[in-house]
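When the chains are written out, they are named A, B and C in that same order, and each has its own residue count from 1.
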Amino acid sequence: MNIFKKTIFSVLASLLIIGNVYASDKIRIGTEGAYPPWNSKDASGKLIGFEVELAYSLCRYIGRQCEVVEQDWDGMIPALQMRKFDAIMAGMSITDERKKVITFSQGYADEVASLAVMKGSSLEGMDTPAGISLSKPNADAKKALKAITAALAGKTVCTQTGTIHQNFLESGDVGKVNVRTYKTQDEVNLDLASGRCDVALAAAVAFTDYADKSGKSVVLVGPTFSGGAFGNGVGVGLRQASQLGGTLGARDAELLNAFNKAINQARKDGVISRLAIKHFGFDASM
Amino acid sequence: MDLLTFGKTGWGDELFYATLMTIAVSITAMLIGFLFSAIFTPLKLSNNKFLNLIANSYTTIIRGVPELLVIYLFFFGGSGAIMYVASIFGYNEYIEINAFITGSVAIGIISGAYSTEVFRGAIQSIDKGQFEACKVLGFKRYIYFLKVIMPQMLRLAIPNLSNVWQITLKDTSLISVTGLVEIMRQSYIAAGSTRDPLLFYSFAAVLYLILTFLSMKLINKLEVKYSRGF
Amino acid sequence: MDLNLMASSLPKLLSAAFITLKLLSASLIIGLFIGLLFAILRLSKNSIINRFAYAYSYVFRGTPLLVQIFIIYYGLGQIEYFRSTFLWVVFKEPYWCAIIAFALNTGAYTSEILRSAFQTIKPGIIEAGKSLGISNKIIFYKIQIPVAIRQSLPAYGNEIILMMKGTSLASTVTLMDITGVAKHIVSTTYKPLEIFITAGGIYLFMTFLIHNLIKYLEKKYSFQ
């Protein structure tokens, strides 16, 4: 057993040595890198996009060094809890459900969602208002929801797992829908193009970006959605200070304040609007 | 086909490095698996019922639960467990164990469960007379284990260990959750970027077949070497 | 450890177990036929047929199941021509894509198990049949196949468990089996540890059942 004990100790020790320990003054920000134009990767694998650039700007306002790291969407919040990074900037909308486990800074941009189909689908030309808000649904919104429910009945709708879009489809607001969820938006796009999905739901800009880059004839249908299940804008996801208390909790609370101040300043200086126009083509800032 | 070239526009060089990563993770995982077997095989063969239970739980659970779940559990639970242990010592920062170690240990745990069974079976099929002879001659435990039992055990174990190697090699395709860039993840990235899943997943299959083929050749040589004298 | 969450997620996970079992049984049944076919092809004296069967089993055992599923689901779905054939009706559904991938995979392993079982049948049994004047064809169907199946029970039982674990990969192509439902619950509750432990427990229980079933069948059908 002596040999074994020695081996175990040496393996554990080398694991800890090979592992790295991160200094506490660098802010690590997690993003998906697979949701253009919010965040994506260029050909060399470097993280790019609206949020990556915004992250570096905000860190300049905060006055600290930061690093943007990649994380798969379905492990995003657990990774934050595990302290793999300190903030999430991944097109994550501020919703009550998420607020149960993490906290958000103020919103920095709006993400409007839309349904999309391939050209020639029977759902094209749905007669609905241009945009509806589900926070306080007025009569128009309710009528639109009814029209959508009728249109989606019996159809296969695809969306990314763990998103506000999935929550909306499963909320019952559009009746019982045959929902298929995928790990990434890329897979949603693939199955929409191949005809496995009759219709897909995601951020409107995600579809227009896909249509541009792939040349496939993806068409937006129906109204753009916001509010309600779709949350109130996209913000920086942070750990709740109450989670751990003590010095770590205080650091998390301080980070929240720092981000809020930085967003205010960035908004005042027009940085957010500029970046939004650069990546989305219109001013999506909040 | 020119998507596969090396250089800036082709994915050939990324896939090459991904293949090297797959080999590296597989070998590391296999070795970590041997480490686990070194601990658990003696436990399995011991006379102590409680130690038996621990070892049997390890092999039964790991071999009875899908690899994907084991990897998720280790990935989400592992860091938490290490940090919990560290916080007992007062260390509260995030301990980053890099993706390579995480992936290798995750697969290593799985590989170890299979290796443990192989070694147990091999040792149990060695003639009891060998053990008795060593005891009678007064050899110390680990001397006779190293010089007498081990060589015989390896000869019996190698065919089954080659199966475990195949399993380990193919299981590396499941660790993309850790973010490690091996063959499967690189193909996934390439397929997404070029929207050509057929080309890249087929090529990934070819890469795995090449690795399988080369492994078989190497293991056959090993089998010949260890069967000498029998 | 949130035990309440584990208890409340159990019903959802258990109902997903039905999907897992459906995938498993369909794949095993189709795979058994494929396996028997290719085992026979492997034993053929014709070297082209022999090598073709070997190639099939080599390819499907030498590549990860995940790659096989992705090629069948995403790869085939990319081909415009394929989408216009009648086959698309089947391949459009992730359920059938998964079953086809699983069946081809288990077929390869099964063919190896059956082939080695055929080759290790005691020659005495076949000689006895021949000496009684029974035709080769009947010897094959009435003696060789049943004996081979009985001899492969332990190895095939192992294969059943391996395939059951393989069905968890159906979750990568949108199917809501146990793993798929587990991931879905995690995405809304953000408690991966509790949910995956519960899901793992269900798989473990199914492994236990299958293992005991095979042991029982082995006892019941073994001779000597």
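Simple rule for what comes next: a residue touches a chain if its C-beta (ideal position, glycine included) is under 8 Å from a C-beta of that chain, and two chains touch if they have at least 3 such contacts.
The structure presented is a predicted model; accordingly, all values stated were derived computationally and were not measured.
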Chain located farthest away, centre of chain C as origin (C-alpha): A
Two chains sharing the most contacts, counting C-beta pairs only: B-C
Whole-Å separation of chain centres (CA-atom averages), chain A against chain C: 37
Centroid distance [mean C-alpha coordinates] between chain C and chain B, Å: 23
Chain A residues counted as touching two or more neighbouring chains: 75, 78, 190
Residues of chain B whose C-beta touches two or more other chains: 76, 80, 195, 197
Two or more partner chains touched - positions in chain C: 74, 77-78, 192
Contact footprint of chain B on chain C as seen in their complex: 58-59, 61-68, 70-71, 74-79, 161, 165-169, 171, 179, 182, 192-193, 196-197, 199-200, 203-204, 207-208
Of all residues in chain A, those that touch chain C in their complex: 74-75, 77-78, 81, 97, 101, 158, 161-162, 166-167, 180-183, 187, 190-191, 194-196
Touch list for chain B against partner chain A, complex: 8-9, 32, 35, 38-39, 75-76, 79-80, 83, 92-98, 101, 105, 142, 176-177, 179, 189, 192-193, 195, 197
Chain B residues within the chain C interface of the complex: 60-61, 63-70, 72-73, 76-77, 80, 166, 170-171, 173-174, 184, 187, 191, 195-198, 201-202, 204-205, 208-209, 212-213
Residues of chain A touching chain B in the complex: 3-4, 7-8, 11, 15-16, 18-22, 24, 34, 41, 43, 45, 70-72, 75, 78, 82-84, 184, 186, 190, 214, 247-248
